[in-house]
Every structure is written in structure tokens, then in C-alpha cells.
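Letters A, B, C and D mark the chains in the order given here, with residues in each chain numbered from 1 onward.
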Amino acid sequence: MSAGVVGQVAALRETVARLHRELTRYGLVAWTAGNVSARVPGQDLMVIKPSGVDYDDLTAESMVVCDLGGAVVDGGGSPSSDTAAHAYVYRAMPEVGGVVHTHSGYATAWAARGEAIPCWLTAQADEFGGEIPVGPFALIGGDDIGKGIVSTLSGHRSPAVLMRNHGVFTIGRDARAAVKAAVMCEDVARTAHLARALGQPLPIAPADIDSLYDRYQNVYGQRPPAP
Amino acid sequence: MSAGVVGQVAALRETVARLHRELTRYGLVAWTAGNVSARVPGQDLMVIKPSGVDYDDLTAESMVVCDLGGAVVDGGGSPSSDTAAHAYVYRAMPEVGGVVHTHSGYATAWAARGEAIPCWLTAQADEFGGEIPVGPFALIGGDDIGKGIVSTLSGHRSPAVLMRNHGVFTIGRDARAAVKAAVMCEDVARTAHLARALGQPLPIAPADIDSLYDRYQNVYGQRPPAP
Amino acid sequence: MSAGVVGQVAALRETVARLHRELTRYGLVAWTAGNVSARVPGQDLMVIKPSGVDYDDLTAESMVVCDLGGAVVDGGGSPSSDTAAHAYVYRAMPEVGGVVHTHSGYATAWAARGEAIPCWLTAQADEFGGEIPVGPFALIGGDDIGKGIVSTLSGHRSPAVLMRNHGVFTIGRDARAAVKAAVMCEDVARTAHLARALGQPLPIAPADIDSLYDRYQNVYGQRPPAP
Amino acid sequence: MSAGVVGQVAALRETVARLHRELTRYGLVAWTAGNVSARVPGQDLMVIKPSGVDYDDLTAESMVVCDLGGAVVDGGGSPSSDTAAHAYVYRAMPEVGGVVHTHSGYATAWAARGEAIPCWLTAQADEFGGEIPVGPFALIGGDDIGKGIVSTLSGHRSPAVLMRNHGVFTIGRDARAAVKAAVMCEDVARTAHLARALGQPLPIAPADIDSLYDRYQNVYGQRPPAP
């Protein structure tokens, strides 16, 4: 690695380790389940959580650097058991800079029924642009999970997929955006669950969903100053 | 701004920044959603949360001062994307000194079904004086949300409105009162949800609701010493 | 007050202030709702939470000492708006040394339907000796709440009553025991809710409930050494 | 005890005291309910929580050492009221090094209905190898609970049993593994509850459950370096 890449990797180790705190803060993970990764920009490399390590013990140093075939390039431990899925997504979707996986409870409940989450909330229109889709049942250990994520999310507005009987995978332009999508996915999955538990939620007109999505993607948040 | 107004604004920046902690403490918000504002008393100004900034990073300095047209008067960042709605409320309701917006889950579930929360709890009678009403579906970006809040809450006892498919807006004589209303709205929305989930809650007689509301608004809490 | 009573009161101020932390730790209260009191042993006095004060701001000094008519004896603030109910219980039930009131969500949901919590759990048999009963609807401001608590709990094993459309009152030999009953009441109310939400829980035979209750009341916990 | 055993016991006192923090972190226990124990390897001894002591006050010193008949060998306090059940498991299942008991809410709700948790989640297939079974109703105070645990879990893949109308017992090769099973049991019980609350979850094919279980037991986590 060049000195520049070494610096990039060091910074991403910090970022990825720290972003895992959002998973515990929002209660998206139990024990050591769940993981965050980041692509090293411009390299065939990613930084990912080690397998089976307590969230309290995650440090920048304990993160594992893998190539996009999933092989360990730097780091003493085994990478997340979901490494193959993350790597497949990075290979297939060059615009993706971060991937997150959780079994967050409400979202995974929709996944266990194989039901997409309908868009009943403006917050879901903002972040997901419509329903949150369901991906196929897939066994861990090969490329099946990665293929299921990519085939479901390619050409879809949603950065989150509910993998059947399994849990949530989210993507983003960077790891922070993917973590945000994971947090918002559970939040809307919960509110949608509560709404439907007592009756039939009201639909939002497709044109209104389009309008909300467009505005949120282009106006929300702090803007860099015009040059 | 006169020196007096400068001091008022500085104090409100502290207050508004600090009150956001109640939104996270009670789990009313996810990621950067949700916001608190305060009117600067006697001025056509308000202090509001910046857009898309982490709750952990909110400081008095990062708050944004806007006029009641929504234009930034002081502060380097973009104000909350809900600024137009807050400003509309302050223009239309001179008695309002604070506004809060959340997507808190149980209350938003009632909003997604377009159902007002019936008054099944003495705590709801105390704070809301009866049912918590539903406002119209409205798109962000103009005055529609503000108009929906004002038309629903004008002449209504409730300081909270459930905006359809969206979330909660609350008002108060100051920002702290509006935050209290947001906390209590989610609390009664949750208990009412749980009550109805297993059967039919018992009504409270309208005269009892009136009696509870009157007492709570006039007797509860610490009283200033008589002059 | 004699020096001995002054010391007793000072110790109870500490105890009562500190016990309120259990209400927030277990999520039994929102904003300033909920309160704990303790009888001053051998005196017609009680120590109780001030009205409408933030949980974070409760200190031994802010607690209010009242006589058992509810009049303030020591303390600068107004006592809890539920003081009359606590005082009524202490007057009517000399064996009670502590009283707690909450609107904890699952228990209050049963109260909103006016349904006692059936005894489906060994933990409920242990602590409550059977079902948790419902008390009448009663308005705040006189002795009606106190009378409803006392008439429901007198001669009943349960230290908790679900006051209709309102919330929970618990009693104990001291304030800590009453707080424990409030914590366990919400815990069993929640599990019973979840159990019935998906089907019909299995009953426990009355003789088994008796056996569990007897053992828990006489064997559980640390025993003082035999003399 | 030999010096070696004294050191083993001292280390297990630390481990067992500290592992109780996971029970409170994940909200598996209320007040003083719930307990963790560890077998002292190679000895007829176990280290267990004292009865009725606050979780905040648990220290290595306060843990109680008992023989596998349940008699106190070292420690000033009374051991957990569930000591007989833990001891029975250690006597009957020599491969078990840790036992945990909780009344965690979602899992106990399944137990209150006497329903095993079907395997609708890959996370459940990983950790439990299929459904989580129900054990018999049993009164505390003799060997009935222990017998119910052992008869249900012997020859079963699941390290967790839902004791009818009571709660969860989990086993593991050591105390940490038993705590992990208790955390995961509540997590899957919750997601399965949420999934079934709104419809019928999809089954996972038995061959896929076998495949997931085999992989997780043999590949997940950090591996010791090959010799």
C-alpha cells in the first residue's frame, strides 16, 4: 500500500469501529451480531468488523482489511462471517462505499414474513423513496447473499433490503450513509408495524412519495458553500 | 439586535440545544430527525436546530436564528428543514413560544392510520384535555404543514397534533412546555396503543375529562409565592 | 421534632430521593409523573416527592415532609399532587411504610381496559400472590383515590392496584418494597400482555400459586443470622 | 481447596459477577430476578449469584460458592433461590460449564402459552439449531425444575428451554456461552413474536436449518491459530 492508502485505511478503521456504536445505541444488534464495512476509495479493499468480537471491545486496530475477494490483507483476526456478502456488493455496485448488516427486530419481523414494508410514512418516502423490498432466502458461505442484495437493490431507490428469514442489509455512498439507512430502516419498520397492528394505515400517493424523495435527497442537511 | 436581545438569544440557544436531549432520552427521534425551536419573546425571531446535524454534536453555537419568515439571521448552518412550519406557527399563534417536531413511533402509528387518540387515560386528560387530534396530509417545502398545524390546534385544548402519515408537532408557551407535550404525547400514544391492542379501553366521562384538565392546568407543579 | 425524628427524616429524604432513580431506570415514568413516599416510622409524618420537579433535579433537600393530613411540615416546595392519596393510605393501613405511584405503560394499559392481570407467571405468584386487581375510577383532589386503593388492597395479597383509566399504586412495608412492587408490576404486566397478544396463556393452579407465594414471602433473599 | 482451585474460584467469581451486567444491559431481568452460575472445572463446585441482591451491588466477593448438592462452601450470603436447579443441571450434564436463568419478557410470553418458538430466523438456526423447546411446569424448592431442564435439553440442539409459566434457563460450555444463549433467546423470541403478530412467518427448510447450525457452530468467530 502507498502512504496515501495507508492513511486512508487508518482513517477508515477509526470510522468503521466508531460507527458500530450507532448499532448498539439504537438497539439494532444483540451480542456480536451485525457489522459495518467501508470500501477504501479507489482501491479493491474494504475495512470490516472482526467476527464474534464484543461491541465494547471493537477498536480501530481490531478492524480487518480485506480485498474485494474477501481475503484478509491486514489484521490479525478473522473478518465478519458476512464478509463475502459485503465484498460481493462492492464488486457489483461501484457507487457503494459502505455496507451494513443487522438483525434489527422490527425489520427482521417483516423479513420473516417475506413482506416488503409499504410506504405509509413521509420519513420512509424521504430516505427509501417508497417500499423497502424483500430479498430472497439465501444461505451464508458463498455468493448467494451478495447476489440477493445486489439483484434486489439494483435500480431500486431503497438503500435497504430485507433478506427473507434473515435480516437487513443496507448500502450507502459511504459507511455513515449505510448506517443511517440501517437506523431509519428499523425506525420505519417499527412505526409501520405499530400502525398496522391496530388497523389499516393510509397510503401516500405515489406522486407525493416521488416529491418527498426528490426533495430529501437534494435539499436536506448542511450544504457545502457554493464555490 | 440590541444588547438585551443578544442576551435573550444567547440564553435561548443554550435552552434549545439542551432540550433536544429530552428527545433522545425518551427515544422520540432517530438519527437527526426531530427538532425544537423557541420564539425570541417580543421579537420576530426564533432559535431552531440546524438541519441534519447529529444530536451528540448539537451545541448552543450550532443553533440557527431565523426570522419568522424563515430566513437565517444568525448562524453558519442551514436551519431545520421544518423551519417553515415552525415559522408559520409563530406567525399565526402569538401565544406560542415553543414548537417541537418528532416522528415518535407510537404517536406516528396513530398518524399513519389517520386516527385521533381517544382519551382513555387521566394523564391524557391532564395534559391534552381530551383526544389528540389528527391534522391533514401535507408536503414539506411551503406553508402547508404550518397551515395544517394551526388549523387543527386553533381553539383546541391539545398542544399536540398528529400530522397524517408524518408525525407529531407540539406547541407550548415556551420550548420546554412544547417538549413536555411531545414526551407526554408519545407516552399516552403508547399506553393507548397497548390498551386497545388487547380489547376495548373504557371511556372517561367528558365531565371528568374537563375536571382533570382544569385542575392540572391550574394546580399542578410548583407555584410562585403569592405577591 | 425531636433529634431522633430529625435524623429519621434526614435519612428518609435520602432514601426517597434515591429510590426515584429506579422509576426512571425501569422506564416507569415520563417527564415528572410518578412519585415515591415513605412513612416516618412511629410519626404521623411522611416524606414525598415535590410536585412537577424533574427527576434529574430530585435531591434529599427537595423532598417534602407532610403530616398524614397532607399538610406540609418541612420543605419549601409543593408536595406531589398525589399527596392526599399517599396520606390516606398511611392513615388507613398502619402496616404500610411506603407508597409508589406510576403510569407505567403496560400496567396502565390493563387499567385502561379495567382488567385485572391474571396470574400466568410464577414471578407474579411470588410477588403478588395471584391476580393484580383493578381499583375504581376516581378523580384527583380529595380522598377518592386513597379510598379506592385501600378498599381494593385491604385483605388482598397484591401490593399493587391498577386504578381504572389512571395507573398503578403500590404499597410495601417500606418505600423500597413499594418500589420493588411497582417494578415487578410493570414487568409482569408486560409479559402477560405479550403472552395474551398471540394466544391464550396457560393458567397456574391455585394451589401452586399459594405455594409459590408462601415460599417467596418466607424464603427468598438474604436472611438475618439466627440470634 | 488447593491453591489452584482457589485461583480458579477467584477468577470465576469475577467472571460470574461481571456477566450479570449483560443481563441488565439487554433488559433481561427486573429488580433482582435472574442469575448466572459457572461450574468450577474439574470440581464438584459452582459459583452463583447471591439471592435478592441488587445488580448494582454484585461484586466478585458477594458471589457464593456451592457444592453440586447446593450447599454453601464459601461466601457469607444465601445463594440464589434457583441454586438447586443449577446444581441439578451440573450433576446431570457434565459437558455444561455455565447456567443462566431469566424471566426475559418475550421468551417468557412464549413460555406462558406453553409454545415452543418455531425456527423462522437464520439467527435462531445458527444458535439454537431449530425450535426453542418448552419444559414442564415445575415448582421451585426441590429438583423438579432441574429435572425439567435436563429432560428437555438432553439430546436437543437448543441451549435454551422455556420453562412453562416461568421463564428461560440456558446452558453453555461456560458461563459466557450460557449468557450468550440467554441474550439470543430473548432476541429471537422478540423477533418471532413481532413476525407472527402481523401474519404467518415463512418456514425455513429443515435442511437449511441443519446447514446453518453446522456452519455457525464450526466456523463463526475467532479461531485459535493452527498449531
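Structure notes:
Methods note: a residue touches a chain if its C-beta (ideal position, glycine included) is under 8 Å from a C-beta of that chain, and two chains touch if they have at least 3 such contacts.
Being a predicted model, the structure only gives us computed values, none of them experimental.
By the document's definition of touch, subunit A and subunit D have no common neighbour. Seen from the Cα centre of subunit B, the chain whose own Cα centre is farthest off is D. Simply put, subunit C must spin 90° to overlay its Cα atoms on subunit D, rounded in steps of 5.
Two copies of one chain, subunit A and subunit B, form a contact in which under half of the residue numbers belong to both partners. Distance between subunit A and subunit B, defined via averaged C-alpha coordinates, is recorded as 31 Å. Subunit B and subunit D have CA centres that are 45 Å apart. Contacts with at least two other chains are made by residues 197 of subunit C. Judged by the touch criterion defined above, the protein chains form a single closed ring in which each chain touches exactly two others. Of all the residues in subunit B, the ones that touch subunit C in their complex are 26, 120-123, 180, 183-184, 186-187, 190-192, 194-195, 197-202, 204, 208, 211-212, 215, 219-223. Note for the complex: subunit A touches subunit D at residues 30-33, 50-53, 77-78, 81, 103, 105-106, 108-110, 112-115, 137, 139-141, 164-167, 193, 196-197.
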